[in-house]
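In order of appearance the chains are A, B, C and D, and numbering begins at 1 in each one.
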């Protein structure tokens, strides 16, 4: 297992959401993202301070060597980190990515690419998350990318109209 | 104009390519990226140490508020930076993104989103680029994102089979 | 000259400060930083949206090969970027580094190390800057590092007590 | 405890060093860094894929509000990450920071600032680490900063002359 991976945290035992509807709100917001549909990304896990998004590699998301494009990897892990933070936001707030930094470590290839976002520090105005992307093939799991991200809490701006 | 934007550099007067076929190689590699086709990105400029990729906003690349998804912005500017570096590589080398960091500054919206990559430092093993993304509407141009990126020169590994 | 370097901008013709005392405030804040004194950094330039900090290499700031330590390079360019942003802040606000990303490109060695911060995007809550560090030897100038940074405007919190 | 902190990993059970002298080499290299002596940083832990550096806050490393300067925090966590990677390098190689990204999360204040570096991915040419900085006061521990870093393995270049 990847050092620093903490399955306890991954299952959301650490953080307390301020909005009991947090999972429904993440699902509604994700469903409103045309980009996620276009690349065929799926929301596969939501817990307080955690979000997981998966993608099955296919030609329409490839780079020139046939692997999943680094930009597509960044799109799903950026979203996973953003929604991980969003699970801890108050009801009347939306989320904005301020910035992120991504290291691409191994080719994104296999049966499934799984991007996970973990809250490192929730905050009143800013939140910090980290992300991991693994390529899964059968029982095997390879670390493909790691991310560190800053999000902004947009108070008084509910998310997409259909998010509530 | 954005501070730090240097149109002289943008037109490629600073750097000397080591491969006279640099532009054809970038075009071939770009054409081999399924992901760029899927999101309808177009290669609109190649010069030594420079690459520009454009995208017309459409619903299939949107996030929940209707703007172009930050992950899609990152995909085009990551590619623009990578190909900017690639223009200066020797013939028998391909390019790999080691990492990048992206600040999202304003909503990506308008007639056209233009991502430009500029080489900051070419190198034997590693190259550093910076990127800018602007949203254009009529004559108006807004800075949407800035990137700083590290690339690796993969010596002895030509790019996609169709790249030469 | 480094691509992207814009001497017009460096001399502060682009940005309008909201506080006419901006330069005095930067000087007072810099003088209150024990760390800058300890490493013998000097504030050598302040203009709207711009700040320059210099350091003469000496053994007390070296790493194991005798060059200036990357962490010391990061300390001066982090400060240069932070004060570049601070020049554009309103009177009753202080500055906080949210995060920065630094690429170390060449050994920091020579007669003088010059770190410059440039505002890319001022903002009501967040500001984005980029930084460049050059090593100077006689007339020669080598790009040593590039930075991209996010700052926070701390409204209602004046800087150090002695800053006004 | 901080999510993602993995004390098992911190004690070095995951990674196998290729050089049995790894700890002595880290100590010798650290001792050769004038900058670490100047800021009074101490090497307090070395294990395969792990390094810890501590600092007692004092006026000579402060910023304008009296906390430890963010640049000093970056200097110790950059070193901790670099030495974490270095523990896994072969004998005839030295380490170079390619780049790092640091989020500053809380003021660095207390009895002791502890910076820890953890290897995420060792590699033949590049290594990736992450870093955490905590401020300790009595039994209390606050997360002050998180880092993500890329290092280069400089094959055939032993570290400082006194490192072996």
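To be clear about the criterion, contacts are C-beta pairs under 8 Å (C-beta built on N, C-alpha and C of every residue); 3 or more make two chains touch, one makes a residue touch a chain.
This structure is a prediction, so every number in the text was calculated from the model and none was measured.
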| item | value |
| --- | --- |
| Far-end chain from chain D, centres as C-alpha averages | B |
| Higher-contact pair (C-beta pairs counted), B-D versus B-C | B-C |
| Inter-chain centre distance, chain B versus chain C - centres from mean C-alpha coordinates, in Å | 28 |
| Centroid spacing, where centroids are CA-atom means, of chain B and chain D in whole angstrom | 33 |
| Shared-contact residues (touching 2 or more other chains) in chain D | 98-99, 101, 103, 150 |
| Parts of chain A lying in touch with chain D, wherever the complex brings them together | 2-6, 9, 14, 49, 101, 103, 105-106, 118-121, 128, 130, 143, 146-148, 150 |
| Partner chain B, residues of chain D touching it in the complex | 98-99, 101, 125-126, 150, 152 |
| Contact set on chain A toward chain B in their complex | 29-30, 32-39, 59-65, 68-72, 74-76, 78-79, 94, 96-104, 159-160, 163 |
